[in-house]
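These are the structures in question, set out in turn.
The same chain A turns up in both complexes below, where it pairs with chain B and then with chain C.
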Partner chain A sequence: MRAQAKLGLVLLLTPLLLWLTLLIFIPHVDMLLVSLRERVSAGVYRTSLANYWAFLSEPLYLRTFMRTAVMSTLATVITLLIGFPVSYYIAKIARGRVQSALFLLCLVPFWVSELVRTFGWMILLRETGIISNLLQFLGLVEGPVEMLYNDAAIMVGLVYTSMLFMVVPLVTTLQTLPDEVVEAGYDLGGNSFSVLREIIIPHATPGIVSGCIVVFMLSLGNYLTPIMLGGKDSLWFTELIYSQFIVRFNWELGAAFGFMLLLLSSAIVWGMLKLTGQSLERTVG
Partner chain B sequence: MTPDLECQSLTKRFGETLAVDEVSFDVARGSFFSILGPSGCGKTTIMRMIAGFLEPTSGDILIRGKSVLDTPPNKRPVNMVFQHLALFPMMNIADNIGYGLRRAGMGKADIARKVEEALDRIGLPGIGHRKVDELSGGQKQRVAIARCMVLEPDVLLLDEPLGALDLKLRERMKVELKSLQAAFDTTFVYITHDQSEALVMSDRIAVMNEGRFEQVGTGQDLYYRPSTAFVAGFVGDTNRWFGRIERVEGDMLEMRTESGMTLRGERHGRALSTGDRAEIFVRPEAIRIAHSAEELEHFDNRISGRVTSLLFNGADSRILVDAAGSDEVAVNLPQSGEFAGLARGAPVHIGWSGAQGNCFASPEA
Partner chain C sequence: MKLQTTAACSAVALSFCVAVAPATADTLRLLTWGGYAPDDVIAQFEEETGHTVEVTTSNNEEMIAKLRATGGGGFDLAQPSQDRIAGPQEEFGIYKPIDMSQIDTALFIPSMLEATKGNTTVGGDVYGVPHIWGTSGLVVDTANAPSVKDYTDLCNDDVAGKVSYRLKRPTLIGFAFAMGMDPFAAYSDEAAYTEMMEKVEAKLIECKANVKTYWDGSDQLIGLMRSGEAVAAMAWDAGGWKLNADNPDINFIAPTSGALGWIDTFALPAKGKADEAAYAWINFVMKPEIAAKITESSSYFTASKGADELVNEEQKARFQASFPPEAIDNIKWYPTVPTGLEVIEGGVLDRVKAAN
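Let's turn to the complex of A and B:
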């Protein structure tokens, strides 16, 4: 019986272990090894931290990383500010069919690929695009307006791409908040602001934290949106990694970049959790 | 003295349905008032209108003589203990109780003192730092009441707060709620579908059905002198027969039931005349049981039959007697144990006086 239970456990765990080792553990170990190699001459390598040193000593790399982190944080905050009222409406105010319809509407844009969605924004925002034409038609502007290729365009794209990943955890946690508890908050003398601050937000914290982590990580690792909507000055860290691997064919430095991205983003998430007094166990469990 | 709470022709419509229909009542200061009714009768709607979560379609609500219709729920001198208590799980007990005081802008030291006092009052001193889910059901109940009582409301509304508790605890909480009400000396308005909760705790009870109050009175009034057939059937257990009136003599009357028995009952001043369709209610404990028909000769209703079921329930044990026709009559067994040996199928004689049979007009079937 006990041997059987053990076998069952092993069989159940096998796919997970395979997935973890083959797709996550092994590639990362390999990446780490590659990143620790320094090319001395053609075909000759030695182990050193030179690639990491290159990252830290070149201001362009560091600044691009900082820029990416700050923009991603900002995108996360904006997504939260837009997503929270939307989620509250879906979870607590809308009822029955309206509720499911609204939730579905949040999902619909994700039926097409990210590439197509981003092209959609380009059609709207470009010089000959819909918004530019509309403004000219209304006589609000003289000539065509270029709204693409700047940080604001990237921000719009990032928030749009991330919205679902904020709304889903928020709706899920807000739905578990009983209406009674909100009513009790009012009944005992609270106004909308204090009920939001003392009751709704504390209840929704696990959803807020997990939504923010996902959105932050997705924005940080996003490649398409910054490339397509950003201009020449809008460098994104993933572009650096891409160019090291594909353009410069410098896998060693690219791997080091990849590792720095992993380390620094983990550090930022950890720091944010500490700063807001949350723990990952509380959020996930 | 102006009553603490007064509702004047309170009406609430949800679209086509009339949830509350011209309900008027008042609740004297410091009393325990219950609204008793089956689920869906509109009692929760009344409570939510008093608390301010629903706007009445018409009518007025006065608290201590002042209309509160234009006062939002967070400003009304009324607090509510919710069905599932609605304690704030994100706060500890002290913060839960202090929530309303913080909203009222009271200083930290005062809040701490008041919270301690409230915890002493409900007999749970020193649990302020505990979390909500560390408390038992009964403790949560008391905390939910304390959370409202620290605000010293004019009226405390309770929306079936005992519903989620198990039976033993519910019995204890009934007594406890009554003594808490006496200790805080506040007006309680309690809604429930459980008649025993209403009967045990209340000074006055309103029985509600389909949006209207059927009768308002003390527990004894409702139990012994129900004024409508619904109240007679809803409050307490009862035997019920339908039939047609054959004879009326003053307040006494005779009815022939659908199964052919002739029963005597009293109409208590209600308009009933020969030929009317009517129903008679007789409580199981009003029926006497005997081994021989002679012992029951002084009763004007007598039936001989056989025991079809024994329903043992301690002090509230009863038997079902097959009464010649098709009806089964529930009869309480006397506590003396005299009939403890009764077996299924045994012949018994039962009887009751006509005054015990409450007779009401019944709509034509």
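Let's turn to the complex of A and C:
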């Protein structure tokens, strides 16, 4: 009996283990080895930390990383601010079919690819685009307005792209909050603000934290949105990695960048969890 | 039947499929640029030879990166520019030598064939034969940007905010020429080249305020120019002629400091499996009537001898308008890029992109 259970466990775990080793672990080990190589001349390499030193000593790379991290944090905060009321409405106020319909509406944009969604924003925001023409038609502005190719456009794209990943965990946690608890809060003399602060937010914390982690990581690792919407000032850390790998044929530095991104983003998430007094165990478990 | 095989291939591991595939591979996996393999040409080739063609469009950097990742596998024929073959071949060994006896050399313009062979020779073997050539220069809306005559004119005040170019090496080279320097002469001298690129970097950073956006793909550029969002851009001649067909004000002009000439080649990836089909494709598309077809659909000119006479008058007129004889003599052809230059240029491009 026990042997059978063991076999079952092994069989069930196999796909996961295969997935982890073949697609995550082995490529990362390979990347690590590549990142520790230094090109001496054509086809000759030696092991060194030169690539990591290049990352730390060139202010451009660090600045780009900081810029990417700050923008991603901002995108996470904005997504949370927009996503929370939406999720609260879906989970607590809407009922029955309206609830499912609203939830489905959040999903609909994700039925098309990210590329198409981003193109949609380009059509709206560009100088000869819909919004610019509408504003001119209404007489609000004279001459075309360019809304594309700046940081605000990147932000719009990032928030739009990550909204679903904030709404889903929030709706799930908010649905488990019994209505009676909220009512009791009002009965005990609380106002809307104190009920929100003392009851709803503490209950939704695991959802908020996991949503924020996912959105932050997705924004940090996003490539398409910043490139397409950001134009000439879009420099994003993933673009640096891409250009090292593809344009400069410098896989060594690109791999080092990849690892720094992994390390630094993990450090930022860990720091945020510490700062807000949360732990990953409580969020996940 | 074909569909079922493909489905089976994706279901089972790929290695099994390779084993059961017939010995004479008849699928030509072509790694090329957009517009180089028009659908009607492919259809005619498939009908005449029985081979099938799978096209993947790409650019120079991605071609090299893709082939490097697989050690030269995954494709049977690639089309990198002639100046980008020798360097990557020395460093990564991603191509195999071309067997010139398999190629009908009479189909090629002799001077272009010899020049390409010379530039793509590594260790006595030839790695490339020419296919399509063209230049990069300026595409200008002459009604709205009459002042733009050279690359550096893109920084003029009267076109502020309405300029676009690629943040790639042709821009660096073009600006260097327009600033009175000769980057090709400095190719072999890293210190001199670095110094030159620093000057170009300063100029490009100063010029950044003028730029609407840096374009990436030719469709994006055409969109920008056609909508009037940009009035002057650095671009390929074919893009300019395409726009000229819709709007006569927009045309390609050869900059006063000289257009930059490139030749895209045929090169065989080291682990290509369908050499026979690859040679058949080369000899097929170099036939004058086929080459003329490609020119008409994509506006690019080919290295096929006699093909330009078969091209329609409209196309010829556009070419002559952009290239008076003295402009043709002034074309700066790219010499082979030595390894290591990309790193210098990469740093410059990163800093320009990051500058405010």
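The criterion applied here is as follows: the second predicted complex is superposed on the first by the 285 of 285 C-alpha atoms of A that agree within 3 Å, B and C clash if a C-alpha of one lies under 4 Å from a C-alpha of the other, contacts with A are read in each partner's own complex, and residues count from 1 in each chain.
The rule we apply is simple: a residue touches a chain if its C-beta (ideal position, glycine included) is under 8 Å from a C-beta of that chain, and two chains touch if they have at least 3 such contacts.
What you see is a predicted model, and the numbers here were worked out from it, not measured in a lab.
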item: Touched partner set for A:G8, first chain B, second chain C, both or neither; value: neither
item: First, second, both or neither for A:G190, with chain B first and chain C second; value: first
item: First, second, both or neither for A:P85, with chain B first and chain C second; value: neither
item: Which of chain B and chain C A:P202 touches, first, second, both or neither; value: first
item: Residues of chain A touched, compared between chain B and chain C (which is higher); value: C
item: First (chain B), second (chain C), both or neither touched by A:G271; value: neither
item: Partner chain(s) touched by A:E180 [first = chain B, second = chain C, both, neither]; value: first
item: Overlap of chain C and chain B interfaces on chain A (superposed complexes); value: none
item: Contact set on chain A toward chain B in their complex; value: 178, 180-181, 183-191, 194, 198-199, 202-203
item: Touching residues (chain side chain B, partner chain A) in the complex; value: 51-53, 72-75, 78-80, 82-84, 86-91, 99-100, 103-104, 147-148, 151
item: Complex contact set, residues of chain C against chain A; value: 61-62, 64-65, 68, 88, 90-91, 168, 208, 211-214, 216, 227-229, 339, 342-343, 346, 349-351, 353-354, 356
item: Residues on chain A engaged by chain C in the complex (per definition of touch); value: 42-43, 60, 63-64, 126-128, 146, 148-149, 227, 231-235, 240, 243-250
